[in-house]
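Some notes on the structure that comes next.
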């Protein structure tokens, strides 16, 4: 078990309970989606896992070690977060943003070396954004920005045989502000990272389709509690969806695959319908 | 029966009406100087344009120089209110304080029921309020040395002390003429006349620069303004400018508060930072810390004498008591 | 094939070096320029006694301390501006946004008004004390009910403090007489005529400490741009970085204001211009802004003391006169 969350509870001081007794485990090389409507606490769960927040009770363990005992920089090399949206106050270029991911690998006054640049370029290539390296971040499209942020997170993670624990990538609503084309780009990228680079991925989303098509496992979160937890086919039933979103629903499942040709930029999808 | 009732009622009404009229008359007499905003009970016998009275008995002065003048022409008993900054003569301590140039307390001024208020020409709001209340005023404008005696004479006529005012003004003119005579023919030293400097350093120095009351005093005392060409009442002087002008004498004028002889020595030695100044080399740095130095009033001759004594010590070897000061009224 | 990437950091270094050279040049040349023509031969001539050497005194007592003070204040304000802009994630933040200058102003004005009657020390010391009080009040206001220093709460605390201290300043001015108000107003416009090296040496330890803190902040400020959460998940101790930025920036601003008064626009114009040339990496922006800010203020001060000689313009007026059109240009440029 790579990541373990046990009996997490969280509320802001004097506020309502946002997370109410949540427990789950993430296996190595999982691709897990936390699915829930707005306000269900998905982002809070992610922040608790990433140690941006401290739970009022319960604990999170990474590789068996409670995360609040892990030094900040060490944690940052194992676990990286891609935020939902990135708005910059100042004008950085893409390569500068990706190199910011190398922070936990460098000393206070250490300057980025060839290893760091190599890691950054490799991350850019993995996300298909290498040609954008010198562009200012603000001139990028939504999908490109998201992929650059993923690259920044990848550059942050320790990789290879020296890694003490496999890298864990957390994404907060990775497709929330993207249109279909970019959603497919990001989805395809995540799948590739998972399949080929063996990155463990946990993401939050309220997009059913995205969760169903990308994730190997889905955790349903409703009002701060886990409603269900398992493979999409088992968990995403009509009745579960109805409970989760508090509406009448009928499930129509299709299966297929999406491929994205990096060089030509063509996205094709094949699907077969099944009830 | 009913007719008698009516008559009784009518009589009562007549009595009530007479009482009302009577009280109005009495009230207007008692409140001779006050007027309601609508002029219903118009102040009588004053008019809104305030024709002057022969002898105002309740004078308020927001100007320290004029307060001194009033006391010096024996009109001190007629003064009921003074400014917050008045310190001379000692009798002002018993008078009401009504604010000053920037913050005159109009309510308090009106509450004292003055029949003459001495104001600065620039105190527009106060003037407007006084006009509305029908209170006569004496507008004080001051530009230079000559205005002092002009003002004293005008003031004397205004408050019914014309002979005393004329005597005072003449004495001041004689004293100043005497000083001019003593220093005439002597070379005028280039003088930096400073009225502001941050304590302990040579920052924020403000000097007289060719125009104004301080300049006039310096000129009468036989000095030459080091910054006369700039033609401003005050000039912030940098260290460089001071070094470039190289004054032969430095005179600092301050209010008296807080100046002990130790402080004077301390502040004089601050000038050692600029050793090339002729004034520093010869030690001709004078700190005159007395309120009278910056008040354009009856003691101006004494102020000029002090300047002159600093500039031309040889001319004042003998004791010299200006006539104007002998006339300081008893308290 | 990946394009050859020359890191922005490397490309920006020559510009930082250029700014440094500009600063040194400004400090060395400025004392030779002024309304009084100087003879360089006389200035450095060892045969003339210093007490008699007017040229040397103008150079070493009047102008050189002034140039050094301008460099110190300009560099410090520019760097503080960069740090506060990074802390508040807003390029329009200034060193004065969080209330340090109104505290310094209050301290200075209390001394100017009441300093004759009560032993309150020098205007410098009082303005430093006032700045310190303001910083502590803002810090406690901002951390009262929250963990950490959120930039919104900081901003609110700073605005609150500015409003409150401005009211106190008005009250002190009401109690002042004409001459004191005049002096207070002139202090507010900035004055670098230090005449001695003492104010510079007094402020120097504070500035050195502040810059020591800034050096550690360069990279964390970069990451803070992404947001507090994004920085924290990349390993930045966000709370600590915010605290260091806040106290370091306030210390630097307080020291600068105590020397020359609250000179405006340096803390916002300089970082802006520098970012246009070197980009946004704080490891370049901080040193470049410091050097360029120093040179900038030295030049502004030369203008201030020569344009209308012997009348001297307050240096804050010169920076404001540059600042207005600068912002206009920014506005027009953005809309174009």
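The first chain written gets the first letter, and so on, giving A, B and C; residue counts start at 1 in each chain.
Note that in this section a contact is a pair of C-beta atoms (placed from the backbone, for glycine too) under 8 Å apart; a residue touches a chain by one contact, two chains touch by 3 or more.
Since we're looking at a predicted model, the values are computed, not measured.
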item: Chain-contact steps, minimal, separating chain B from chain A; value: 2
item: Longest centre-to-centre distance from chain A, chain (CA-based); value: B
item: Rounded Å distance between chain A and chain B, as computed from the means of their C-alpha atoms; value: 80
item: Rounded Å distance between chain B and chain C, as computed from the means of their C-alpha atoms; value: 43
item: Of chain B, residues touching chain C in the complex; value: 85, 100-103, 195-196, 198-204, 227, 230, 232, 235-241, 243-244, 246, 255, 257-258, 273-276, 281
item: Residues of chain C that touch chain B when the two form their complex; value: 34-36, 50-54, 57-58, 61-63, 115-117, 122-123, 174, 177-179, 181, 183, 186-187, 191, 193-196, 305, 309-312
item: Chain C residues touching chain A - in the complex, by the definition given at the top; value: 2-3, 5, 7-9, 85, 89-91, 215-216, 219, 222-223, 225-227, 229-230, 232-237, 275, 279-281
item: Of all residues in chain A, those that touch chain C in their complex; value: 47, 50-52, 72-73, 75-77, 79-81, 83, 86-93, 95-97, 99-101, 103-104, 106, 108-109, 111-112, 117, 121, 124-125, 130-131, 133-134, 156
